[in-house]
Amino acid sequence: MVNWTLLLVALSCVNFSVCGREPEYFSPRSCKELMQRYKTKEDGLYYLSTASGVVYQTYCDMTTAGGGWTLVASVHENNLYGKCTTGDRWSSQQGGSPNVPEGDGSWSNTVTFGTAEAATSDDFKNPGYYVTAEDVAVWHVPNNERVDQWKVKSFLRYHTETKFLKNYRGNLYNLFKQFPVKFGVGSCPANHGPSVPVVYDVGNTKSNHNLYGPNIRGASEPGFITFRAINTERAALAICSGVKPTGCHNEHCCIGGGGYFPEASPRQCGDFTGFDWDGYGTAVGWSASKQVTEAAVLIFYR
Amino acid sequence: MVNWTLLLVALSCVNFSVCGREPEYFSPRSCKELMQRYKTKEDGLYYLSTASGVVYQTYCDMTTAGGGWTLVASVHENNLYGKCTTGDRWSSQQGGSPNVPEGDGSWSNTVTFGTAEAATSDDFKNPGYYVTAEDVAVWHVPNNERVDQWKVKSFLRYHTETKFLKNYRGNLYNLFKQFPVKFGVGSCPANHGPSVPVVYDVGNTKSNHNLYGPNIRGASEPGFITFRAINTERAALAICSGVKPTGCHNEHCCIGGGGYFPEASPRQCGDFTGFDWDGYGTAVGWSASKQVTEAAVLIFYR
Amino acid sequence: MVNWTLLLVALSCVNFSVCGREPEYFSPRSCKELMQRYKTKEDGLYYLSTASGVVYQTYCDMTTAGGGWTLVASVHENNLYGKCTTGDRWSSQQGGSPNVPEGDGSWSNTVTFGTAEAATSDDFKNPGYYVTAEDVAVWHVPNNERVDQWKVKSFLRYHTETKFLKNYRGNLYNLFKQFPVKFGVGSCPANHGPSVPVVYDVGNTKSNHNLYGPNIRGASEPGFITFRAINTERAALAICSGVKPTGCHNEHCCIGGGGYFPEASPRQCGDFTGFDWDGYGTAVGWSASKQVTEAAVLIFYR
């Protein structure tokens, strides 16, 4: 199926002789607008554009909890053995050094990378990441799944309903400007960013909790998504998917740390941080399960 | 010359009020369809789109053996001295480690990279790589040639005519799912993938054979393209261009190995593998010629 | 604001039934053509296309000195502590080795990277880089500024008025073919490329000079842009922004060296070369100021 959003834009411009008018009229900024204005109802890949005219393709979830969810990013661990090496776009290849405490700064800059179609095989960030939204949804999808399999193969899916992004200037780009993902910027537990309650679409608090190591289950509460957690050594982590930390060894349940990780450096440096602390995919001690280790984390806005 | 494919799509949609109809009608999936449906006859850059709506630009060869060949990938060695370092997109920058036996997995995933215009200066892979086709063509073009010089400057060009891709679910993406380019997945010679006879468009079996080192000429037969060859140490190589191996030191005539290469690791790791084993471009012993070492390998489908 | 260039192309094609005609008629090749033909007057992001049909988005400066300036590249130093490491697209990650004297060759090949919107957060090169032009403009913009802030936040802006590119086949791509940015290709001062006088739009010769270390002020003359300077050790540097070297320690005021830098290798290897020789951002000895160190260099054509 081809999605004709891009063409609709051109059409409007032709048929109504309105090319110079207020642009918001023609060009969907988000999957939500696409759904509401053009009555588009199918999940799939669509073309959207930003207020500044950047045209990009991404995936729309048009059915979950009313639909209108725009995929804006994915965090994919290509090699958990590699510590801040190639493919670590969120944590950076230079994250191992205290000279670069913010790594690449991907969480709060306008650099984009990857493609929607490869979002479960590589890191992905599109311009939708800095568009205004209200809520966030997260999917955990096994690596290398094709687009049409994402929904059925995902083993954890949840979303927020509190419209919390309104309190942080409308997107994670601005939220992470306020709460930088940067080594040394604060301490645990005083300086965590927000923890927001979530509603599960696939999975539940128990299955969510069991994705992480047993030690983490005693040091976190499921049913939340947490932004910019700090760990004992003052390293910063971008997202704790499905949990609110109650302890400070957050590198075992949070991802996307950008910058320096002092403990046994660089062993906690990488897109999935210290998920393999007690062995790769072992689900013992502090180690996460193989299932969550080998799945991409897809981030949506609405 | 601008190629108006993308605009034709929009036009159809405007003039015939058919935006909601079966999309295959408007949007060329391949250079073959572009030639047959739109009577396009000139070699050059065109916009194509996939069934899922991804629009991309690539090169069409509209004249060789009936025309309709779509460029889907190029394998470019940016630095044969660098062993699985930057620029080794097919073999990966993490290919030197047995922990990552499949490297980046580029041969069988949906990650794309590069641009058509830079296909002789950098690795290139577009969404056409996983579109359904029947045959393959290969060009060896000196590095850094501009698009309009590719055809005249290429020193080796051949294509298959057996429609062999029909037996492997229509493309190399699926072929390499069946025959993974992964360390330790099989042994030599028992587990090679298919060798398919080729017809030469530029060059011949003798000139093809002479591109590789003299030792390789005694360990291979020209006039074929081979997929997923294995070597003595159980490393896997994606493509042996123009030859069928009869021995097992295949790292000297095959390219694009993804993953670990045990022998003198990492000396055989990289997009052009062990082409410099007895010196860079020396054409002595196991070393390939300078000509083939400094040329990109362009892969087409029809 | 959406800029409707891409749509104008489609429109022309629809309304006037001229899809087969001379393409130059429809499709702006540059910001200058966009300004002259379509009377576009606002600074911002627009879609342009090349003669070979590549469509890309970039920034147009429509007001400075008559307007019509196309952003074709940016040189961004992501980590001056990293010496030819990730993010050094102009100097290359392989620039530290004498085996690769030209690095990635980015100054004279058709590889493109980055996006206009992230041009102050990452290296950027678009196909406009090899389009025919006459003059060059340069902006120094603090890192991570959003597009609409570039002009007001830039602390140095200048342009040439001599139409010097006419003497070098119309662009920097060809100029650097003639003057390769390559280790060992010449000596200092005999083999520098052209130094062209500039007119300042923001800043002046004094403020320009003060951006570099005090030692450099005694070894260069402000009021020029210099291409392909050589240093004492025969390393090559692409651009000396705002200055003409009169000595040979040019790695402290020139950027974008592609290839090997022998002195204290790899300490001078990177997009901003040896700007931190006497400490990062210290502005003492040979070290550049923090202001110029933490700003992207945007390159425009007209």
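Should a chain be cited, it is by its letter among A, B and C, assigned in written order, with residues numbered from 1 in that chain.
Keep in mind that, in the parts below, a residue touches a chain if its C-beta (ideal position, glycine included) is under 8 Å from a C-beta of that chain, and two chains touch if they have at least 3 such contacts.
To keep track of the chains, here are their UniProt names: A, B, C = Intelectin-like isoform X1.
Computed from a prediction, not measured in an experiment: that's the story for all the values here.
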Item to complete: Quick one: label the inter-chain contact graph as line, ring, star, complete or other.
Response: complete
Worksheet entry | Equivalent-chain rotation between chain C (Intelectin-like isoform X1) and chain A (Intelectin-like isoform X1), CA atoms, steps of 5 degrees | 120
Worksheet item: For the homomeric pair chain B (Intelectin-like isoform X1) and chain C (Intelectin-like isoform X1), should the interface be classed as same or different, according to whether the shared residue numbers exceed half of all numbers used?
Response: different
Discussion item. What's the distance between the Cα centroids of chain B (Intelectin-like isoform X1) and chain C (Intelectin-like isoform X1), rounded to whole Å?
Written reply: 33
Discussion item. Multi-chain contacts only, two chains or more: what residues does chain A (Intelectin-like isoform X1) have there?
Written reply: 10, 14
Worksheet item: Within the complex, which stretch of chain B (Intelectin-like isoform X1) touches chain A (Intelectin-like isoform X1)?
Response: 9-10, 13-14, 19-20, 23, 26-27, 49, 51-55, 92-94, 97, 99-100, 104-105, 109-112, 127
Worksheet entry | chain A (Intelectin-like isoform X1) partner contacts - residues on chain C (Intelectin-like isoform X1) that touch it in the complex | 1-4, 6-8, 10-11, 14-15, 44-47, 57, 78-79, 81-82, 85-87, 114-115, 117-118, 121-122, 144, 146-148
